[in-house]
Amino acid sequence: MEYFKNVPKIKYEGPESDRPFAFKYYDGERVVAGKKMKDHLRFAMSWWHTLCAGGSDPFGVETMDRSYGGLTDPMEIARAKADAGFELMTKLGIEFFCFHDVDIAPEGKTFAESKENLFAMVEYIKGKMAETGIKLLWGTANNFGAPRFMHGAATSCNADTFAYSAAKIKNALDATIELGGQGYVFWGGREGYETLLNTDMALELDNMARLMQMTVKYGRSKGFKGDFYVEPKPKEPTKHQYDFDAATVIGFLRKYGLDSDFKLNIEANHATLAGHTFEHELAVARVNGLFGSVDANQGDPNLGWDTDQFPSDVPSATLAMLEVLRAGGFTNGGLNFDAKVRRGSYTFDDIAYAYIVGMDTYALGLIKADEIIRDGRIDKFVKNRYSSYTKGIGKDIVEGRATLESLEKYTLENPEPVMESGRQEYLEGIFNSILYR
Amino acid sequence: MEYFKNVPKIKYEGPESDRPFAFKYYDGERVVAGKKMKDHLRFAMSWWHTLCAGGSDPFGVETMDRSYGGLTDPMEIARAKADAGFELMTKLGIEFFCFHDVDIAPEGKTFAESKENLFAMVEYIKGKMAETGIKLLWGTANNFGAPRFMHGAATSCNADTFAYSAAKIKNALDATIELGGQGYVFWGGREGYETLLNTDMALELDNMARLMQMTVKYGRSKGFKGDFYVEPKPKEPTKHQYDFDAATVIGFLRKYGLDSDFKLNIEANHATLAGHTFEHELAVARVNGLFGSVDANQGDPNLGWDTDQFPSDVPSATLAMLEVLRAGGFTNGGLNFDAKVRRGSYTFDDIAYAYIVGMDTYALGLIKADEIIRDGRIDKFVKNRYSSYTKGIGKDIVEGRATLESLEKYTLENPEPVMESGRQEYLEGIFNSILYR
Amino acid sequence: MEYFKNVPKIKYEGPESDRPFAFKYYDGERVVAGKKMKDHLRFAMSWWHTLCAGGSDPFGVETMDRSYGGLTDPMEIARAKADAGFELMTKLGIEFFCFHDVDIAPEGKTFAESKENLFAMVEYIKGKMAETGIKLLWGTANNFGAPRFMHGAATSCNADTFAYSAAKIKNALDATIELGGQGYVFWGGREGYETLLNTDMALELDNMARLMQMTVKYGRSKGFKGDFYVEPKPKEPTKHQYDFDAATVIGFLRKYGLDSDFKLNIEANHATLAGHTFEHELAVARVNGLFGSVDANQGDPNLGWDTDQFPSDVPSATLAMLEVLRAGGFTNGGLNFDAKVRRGSYTFDDIAYAYIVGMDTYALGLIKADEIIRDGRIDKFVKNRYSSYTKGIGKDIVEGRATLESLEKYTLENPEPVMESGRQEYLEGIFNSILYR
Amino acid sequence: MEYFKNVPKIKYEGPESDRPFAFKYYDGERVVAGKKMKDHLRFAMSWWHTLCAGGSDPFGVETMDRSYGGLTDPMEIARAKADAGFELMTKLGIEFFCFHDVDIAPEGKTFAESKENLFAMVEYIKGKMAETGIKLLWGTANNFGAPRFMHGAATSCNADTFAYSAAKIKNALDATIELGGQGYVFWGGREGYETLLNTDMALELDNMARLMQMTVKYGRSKGFKGDFYVEPKPKEPTKHQYDFDAATVIGFLRKYGLDSDFKLNIEANHATLAGHTFEHELAVARVNGLFGSVDANQGDPNLGWDTDQFPSDVPSATLAMLEVLRAGGFTNGGLNFDAKVRRGSYTFDDIAYAYIVGMDTYALGLIKADEIIRDGRIDKFVKNRYSSYTKGIGKDIVEGRATLESLEKYTLENPEPVMESGRQEYLEGIFNSILYR
């Protein structure tokens, strides 16, 4: 059965095309910066928003029909979702997908039944993967949606919930391994607090680390060679989430000795919520050697919640791809659309339009980032700007020979430092002239 | 004396030019949408940030030398500033300027002396205008900087301050008229409150209106035919400013019968601070028939203060110019750069770079807005989207024939409304494909 | 059947009581500022969050059982909700309630069936009201939750949806009148836009006004003597809501001639989202003569969405009650708890705890606001601060005798204005010393 | 000479006193939680805002006379400031102060001259300390105000500026040691970036660490036994400051091996700017064993810049003091008022009023925090809430015996976790009933 009936196989037609179902910039086979675009971008479809979510929000019910032709049996729906997902990925030329356990298989009445459903669907999906060549980017467990997680998962005040969380992660990780996934993500949707009045933060943080440590141990024992990721987010659903931003997560990973197994999965929208730019979060991960993967959905700077919009902000995508290129590109990671169409964009066609604008946005970001690097003016400016650290007193500082005393002596003997302009407006002009040419 | 020594006459060289002192997009004589770009955009230089401000911020002293060659006499500095300003405008091809009274002439020891200084500089500037053909866009009085305005100007608790404010406005308006200005702006930098604990809001709002009413009466009596403007801003320096945003100002103008003499001067950065997009504020002004003029400086969505950056955000400029074109373009208004270079961009060259990126940004915004209109897909979509109001029950509603009873009857007799997708992602794709081609 | 089984009749026991199910500050019969506390505060229970909402959020399913003992028939549930609501109000001593049409009666398969359900429940509730003496504060229609409102109600692009909205309002208003309600509220949950790319703002605003005008006409024709209210909110669910804040709504009401029939229903949480304090919004309504009613639920200044928390912020409640007292107190309005317990507070006991903390917070706010007024220091300070407007040049200004010319003459003849300190820190000290004694 | 002429020695008079120059809550000798209030709170006066700042803001000049009787010689002014400061501290009963190098001594024409000025003033202040018994809480260097720091201090692109910064720190630390200071603070006012386009973040972070490492080495070599502190702040003046918040700084300190010499100096206002509550930042420092000192000035949740208000928010101060008590109280740290009066509160009297409200606010916070602990209900609730980790599977988890496999086995063998309510509203009620009794 065809679900995206109006949607043809989407092809690259170039910016001048006015056909809605066509890529204007994304041409997967085109070589940019030494690699095919598709290998740079490693686009992934997320199961949840694309195939499961129905458009409800805190003020309204679902607008989207996700019954896949009026189905009611949960396992039948799960298979239909898989069929629809692979159909969509095939039509879009997307080569990876991501899943939560509960996205691909319905929860049963008991944990045992849920587990059974999960592995039944793993088999089913394995078949679809074989048929299409589509691969798993990463898997994860939804340890935030059900009432048992109302006070957290690893950070729950209830040890039974911790145990349940661990059990779910075990199965989700097994499923990930079984499907050849190259990554496993922790997004701690309820790992945080609502009020310090009822919270033991010290225990919760330790427990959060404990579950990650157990997972690494288990995963490595099962031969998992991929990356574990933490996905930073500052708030929502909880008032304060422990994985606030990249710097917070990196500090946490170091504190608990997790930084050689974990990397970061950075989401644009979560950067916005934390008061950062997307490229800032990527740069923080990069300079700490912990850049891993990306959720490309964007937010709205005027809105204080997770809008999870499909990306359309080309300047932001360009700055993001600059960071990705500078970090050496993706290895196990990729560019996942953790995004949802607006509630009023309720048709299957809209999902295709949304992926097209998102993929085109990052294609353009890649092309432009590469042009900026090849242009060279910005990089040269930066190199020159810090050149005082490559000689004289600057070299002494960087190479550890300077002390407060030696630097005071230098300062007493030398005139006031001569400053150079930071030239920000000039650099913004260069950026724009490359973006819009 | 030449102040911007490194800066040549800036010419249009096109996007491929890598010469820093060149326009990549702005070509004043090029005809777009039936008019020359320079007549669409009516760029204006603002005296204050460009010629007066020295780069101090709450955490640091000035970084920029604004002594114009080591001058110390205030009137000499004022003349040098004027010379430098007209030099810069001439080099950039900017045909308008804006001023505060205290920007163009130093305050004296007494009000009388300040007045004398002001009109001496009016004469001087008149000479520069005649030489160059550059015109005044609008004038205004700085009724916020001096200690006497610490509790407001028109909204001060001190009637003597109200009087002083009125006296300053009289002279600033006289100067504006004398220089042939087409607009006079009210920006109420201290018209607001710090705490309700010491504030009589009702009196303050009435007094704010009283001063505007007096000003209109006086200005019209002197033959001023131009527009009065209010510039909305939500906060900073005061905790709450009465001119919060476009909708608030429009409500105020209507309440006090000022809406036939006043229009709005919308600033991008102030929109951001109010939690709006720039295009939203412009649209609100437009649909209320009160669109007037624009301050084009942008903010930073991650920062909560008035950064007054030179604009570089092309998508935002495009959406803004769409609104300007839909409002019929500027009549008396124009596009003023109420912007300052960053504190670290402390040279005169940086000022030129900043204007170049700003002017190019709006040039591109105009070009792209015109392309969007000529492309027609978006406008056609919108027209079609609301077509149900051009016939049947929709027409009855719009033309005033419907009642709750008639609409209930209609609803009882008809099936559930059939919804169409809002197609936001598709439209964002069109927008991008026009922006980046 | 008793639903709040653990909850006894809540009585005033004073601040020293450590019994959870007791008021510490609220003593309905105590006379404060010349009236019983209950008549000042006119507390109302909101149907929706209290009786209907199940604790779902964008990241998790419901945690609260709202089946009222495992019921499945929608009308049975509706009656059980009414029973539970009246039980709770009786136990708490709350004398008013508020409803949306869909809260009190389930939607049917057709509009006609929904209408029938509604009026069946109106009869049922009328019986409960007669039994208990509890009154209706205001009613409203939920014109935002169903898919037909995805693009707005009065501001929908679809005229059929406009008609449907009007029909729902007609019935909700009829129900309000039938139940003796003293108010009818418009909260435009979808009256706004997601993107200007697909929006005709001018038509949408006109249509929003048209529906209000029709409603006033209809209501008055049916003998409704109460107040219509608009409830401002800046965003969520839509990106921009037309009823952004008090000033915006007041401007809208004036523009469309609605200001003699409408007042404002101010919500604390919505003030926060708009970047205002709660007391600011109340003051704006007051000085414009449009203060009506209050939704007392608070937000979290660090979160960007509508948390709808039960109020516990006593300083804020005190400043709010100061405004309410200065506005002359409630007439038809009251203090509604549009609030929900946190998702992790999922028991019926928590609902009672939440109302207790909320009612105590406002009781304390009232007591303290009255003490501030009786103390007199703050009011005296303010009166004195503006005393320059009661004589001399200030009186001339206020009474319309001053002109720019006369004020310039005054300024030329008088010395620099002598400023007095605003004494904000001193006033904050007084405020605290009254709050904490 | 007496500077605060209207200000008497401030005494505790209790909440019922209506004398402005009196403490209503702060009674330094009163014993609370086993210690005198003054030893708990260790209040400190900050030199800069109290004695130096003149009330300028980005939109207006100074309103406050800081010439100390018309002085013009910088060293004379410096001595007068010291006199005024010790007079104020004596009158307020404040036993500590804090300084930046440039607050206590004017910068000279050369670095050598600045150094001479500094140590001349150190001698002068030493005399005042001996006279009054007032002690130094901590010292610091202002490495952000002068043009040489426009691109950062340790993170400057200019190695000469790095050297200059080091030299200044050497002297400020020497001065701190000389004055018996127990702490030395790094607040990196320009340690951040304006745009990634011109920034080498990796080098900048390494250099920031290098300067701290040098400082520790130097300080310890000079016998400094006190604490080094970093003061987190997310932004302003730079767009992004590297010391964003407590978690970020802690991660940084750990990364560079600085966490045994450094602690955190947490500022309430900076927490607000980072999107956190003040108590959150304190809790993060506490659970990481890095709680050090406090800047008590508060911000305004509706404003996006550093307002540095004197604290008046008692609920916040109570939650903060709860964290301070839980961290074991201050050792070397204290409670510094890094606060300024509002620009309109321009008299010396206002400074005294401001300190009074600030000290009373924290006195009340301490009293109430102690009452909450002695009341015990909240702590008991929390202890009980996490009790599942003291036995059975929870104990296995905490003590490292659990694995994913063992936890899956447990989950398979046990029923769905049974959740308990988080009781947030109930706990908020307890908090309020203690605060307002």
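For reference, chains read A, B, C and D in written order, and residue numbers begin at 1 within each chain.
Note that in this section a residue touches a chain if its C-beta (ideal position, glycine included) is under 8 Å from a C-beta of that chain, and two chains touch if they have at least 3 such contacts.
Remember, predicted model here, so these are calculated numbers, not experimental data.
The best fit of Cα atoms from subunit B onto subunit D calls for a rotation angle of 180°, in steps of 5.
By number of C-beta pairs in contact, B-C leads over the other of B-C and A-B.
Work out the mean CA point of subunit A and of subunit B, and you get 39 Å between them.
Each chain gets a centre from the mean of its Cα atoms; for subunit B and subunit C, those two points are 36 Å apart. Among all residues of subunit B, those that touch two or more other chains are 63, 147, 150-151, 194, 235, 275-277, 302, 342, 344, 346, 419, 422-424, 428, 431.
Residue ranges on subunit B touching subunit C, taken from their complex, read 111-112, 147-148, 150-151, 157-164, 166-167, 169-171, 173, 194-203, 205-207, 210, 214-215, 217-218, 234-235, 240, 244-245, 247-248, 250-252, 254-255, 274-277, 279-280, 283-284, 287-288, 319, 378, 381-382, 385-386, 388-389, 392-394, 397-398, 400, 402-405, 407-408, 410-412, 414, 416-420, 422-424, 427-428, 431.
By the touch rule above, subunit D contacts subunit C in their complex via residues 15-18, 20, 24-25, 63, 272, 275-277, 301-302, 310, 312-315, 341-342, 344-347, 349-350, 353-354, 356-357, 360-361, 364, 377, 419, 421-426, 428-429, 431-433, 435-437.
Across the interface of their complex, subunit B is touched by residues 57-63, 144-147, 149-151, 189-190, 194, 235-237, 239, 273, 300, 302-306, 342-344, 346 of subunit D.
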